[in-house]
């Protein structure tokens, strides 16, 4: 199987980082995958476990360790490093911890890979994108977050199951914050060319009432909580999401993915990163699409932006 | 690489049939691929050439010959057998020749593979679908044509190139006859969630005027002619289209593809086969989608249906 | 992407089971993947996390839970369920615990999937294969362990790195117990057609002295310990190994893999399961290959067999 | 699906060239595939037909035409351009014609792609490799032929069918001339770790007598003739072989493939190109392996070399 050329560095060998590397190796998302972490025992064991399976994957290689020099010359850097929420710790305190980690990391990463595209996965990923982009001083398109790529995947799976159609034929997006204020763009959602709101139920009539749609949105919004409750983390779906984004960049795909980029005036929003359908290809995000939104959607987007701006400010950005 | 289970029989080892088998082997569209033709030297040579490359493909096998018994137990039968237009021969005369071939073939194929799904590729594929379905006496969903799957793929490639976005993010359909009366459903076409008609040009303003769209439709409509003029046939794109349809059936995908099924009342059309976005999965076409159409589109669909009905009638169906 | 038909049930949604499902989904190893575990919160969360990523995989589906009825009609069952070694617990005590789990599980699994092939991954996998095969009363080929498939993959990766050749061109096997008495078959090992023992070093001379080979064997033998020390478990490489075995069965591949089957006289060994290169295809293991071994190798194989026989006996088998 | 980075130029849009491009697009062997030919109508039609199918492939693009500037910056150039044997024309006359084409082509290709690796497919490919390498003045590893990669694939398929084992578990090589003097290396051939000559027949006893092996070799040697007789050309298997070689180069795989390189002293042969198992990776052939051969094999290799040297000489090389 062909493996895409290019060097992928995954920063953080935790549940998310190692799953991202695993998915990338199996899919051949990059020719060279490097796992970097500060925890030596952990990162070396993950690299070994991943390498031991490569008899059954394509040409991609996996190496890694604690030496920042290993990250040199990366084409894409996926950042999953970070502290996890501790009992009693607020989300904002967590954000502060992870922002501090980024402040130390970004300059080092950038020094070793001055041409890389940076993809933030560590949470809160929208806010940390602002932090990382400011620190790096790079164009917005080169520092973005996986954002609602994962949430959108969740929505499409749910919709596909609901209507009995392959999720690959479901076209709908979750936009805004990767978090509580996110929302779906129902107006432009289609299934196999049919507007979602016109989709016919099996027995006749519309399949989705406004309430049913709101329930679906709510189910997506709370999905991560349910997964974390049951297994302590989410890693598999985000690993695939991250690998998919890497492929779009390294493959110069110009594929549309709802990643989170620091905006500069779109929908009147500036200096805040949130997710919108975006063209992802060589060099990162090449264009943020302007999906038509109705007033309700515009208001929700503005609310998302405000929440994110407040978080960023409280971290000093 | 995993190969999808199931037995695929490709009838006709010409340019289209052998390309379909090649694509199916490389993609692992079916575990067992059988090529059947009446021309022994040809079919045995194609099978050998295909088999010689299997060191570099997955687990799928390829066999074949002139013995109809080889087709037994097929899960999907793709029919590419047929005469080609001879100089001076009208399209209708060709249709007659191919209808006669089908009349001889279908009963034999059905006898050996009573549970198979039949996919017509031989042209005129819409008309021949009516012929085959009548002969077989099977439910409409089990005998359908590749229809505008190929034309739709052509449209998406063109659109993707035009706007600089991956064709995988372009969602648009060509419907109607696989032929001169086919037309695109612009109203529900989207690119990455943005309605096609709202897509912004690089310099600002709408990217597509109604004239530009009509030109695109025309380019798709005449694409086959240009290919045939240059190389005498079209085979690669149709080979991939057929393999893709096979995967949707064998993989029980319920994927939406614009295949051509004998309609029974949709849009007021009955007993004519034409392409509409359809859910393709286990057992063939499971649902023909009712895409909202405006009056112009409805009129074009009716015109497509009338042209096809006339052809069928002239063949005695 | 084509997904192989067939139903894969993974028993145990722990680190190994969920990684197996993840690899199987990404690779399309089976059309339907079911995760079964007795821990409801855990299994439901894993299924959700896996399902959330399916936007980026092929047609395969993932479901699961704690209801044994979900396993019904499986084509392949991969068993990863089991207790883990507790501090102070001996390996034999652990074997006892896992044997008891199997005694309860196998009859239920068999009742729901009377035609399935069973692949043991839970350790000690060779001994548990004897247990499972006796309980099930099935032919040896239908109940086997992943055995040294993983260890062989480790060896090939190491050799590939050492000589600067793709691991896909390295052909060597680890055989015997999946554990301390395992050993490589150096005599028949080749790299791109060159006997391993003849492989030329870059500077001239043989690349591998007998001591160097023994070191490699030792590195493979202790690899799992090093991974477990660093990350607490091994899951990624075994997940890929299990997915690969599943593909060989469902794809009727007749691929040679060093799985562990209860022997019946080969090399004078009877009633003990250990790994030898075996043809894996429809219905499981179809043939255990008789690789020529020298006296030293035969002695090691006998030692492996004795160790395994003793373990099985102490568990009452 | 990930597409390997890099630019592949296929020179010659005939049966072989277009099949190579088709296989490369479906497999994602290169990010950018360019088809170049002097026949404008033909090449433009092939490019269009290939492009029309890309809705169903990965990120790879296909373009092409008659302008040599389109080939610029290639990473790998596969040369399939050439005249076909005309009635009454001897093989040597054909060689002359194709050598003249190369003499015109190589300088132009090299000028536009000074860093490319060149893979000769046009026949007689071994002799033309000498011609191309001399003209280009490049290191031997950068100008080589597909050689017996195709013949080896044929052999493995035959052996796999004969013993009922997946061809992926059959390890055997055809070496020497891509033509009548080629021969298999039986001594080092293995199936799943078992020496081929020791492989047990189903009923007991050795499966392969020396005569049976010689018959197999003969069947491989004459395979192309049988295919050409039946369909007028061979294209599918060679298309996959060429795509596979491209992947080894672009993926920096260091995979062992029996390609044909101008030798410099191996086995006492100098200045002649013939196939031997070789490590193919970044920059082309990185190492020609020295497989142990017995006296009979050495004699056959020498005979192959002499035949090829005579051909080259008669062309003035």
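Order as written gives the chain letters A, B, C and D; numbering starts at 1 within each chain.
The working rule: a residue touches a chain if its C-beta (ideal position, glycine included) is under 8 Å from a C-beta of that chain, and two chains touch if they have at least 3 such contacts.
This structure is a prediction, so every number in the text was calculated from the model and none was measured.
Colleague: Rounded to a multiple of 5, how large is the rotation, in degrees, that superposes the C-alpha trace of chain A on chain D?
Modeller: 180
Colleague: Starting from the Cα centroid of chain D, hunt down the chain whose centroid lies farthest away.
Modeller: A
Colleague: Please state whether A-C or A-B has more C-beta contact pairs across its interface.
Modeller: A-C
Colleague: Quick check: how many Å separate the C-alpha centres of chain A and chain D?
Modeller: A distance of 42 Å separates the two centres.
Colleague: Measure off the straight-line distance from the CA centroid of chain A to the CA centroid of chain C, and report it in whole Å.
Modeller: 34
Colleague: Taking each chain's centre as the mean position of its Cα atoms, how many Å separate chain A from chain B?
Modeller: 36
Colleague: Going by the contact rule already set, what residues in chain B reach two or more other chains?
Modeller: In chain B, the residues touching two or more other chains are 1, 27, 59, 166, 168, 253, 255.
Colleague: If we count contacts the way the header does, which residues on chain A are in touch with chain B in the complex?
Modeller: Interface residues on chain A, with respect to chain B: 1, 164-166, 168-169, 171-173, 185, 188-195, 198, 200, 248, 253-256, 277, 279, 281, 289-292.
Colleague: Along chain B, where are the residues that touch chain D in the complex?
Modeller: 18-19, 22-23, 26-27, 41-42, 44-46, 48-57, 59, 150, 152-154, 156-157, 166-168, 223, 226-231, 234-241, 243-244
Colleague: For the complex, which residues does chain D have touching chain A?
Modeller: So the residues of chain D touching chain A come out as 1-6, 27-31, 58-59, 247, 250-253, 255.
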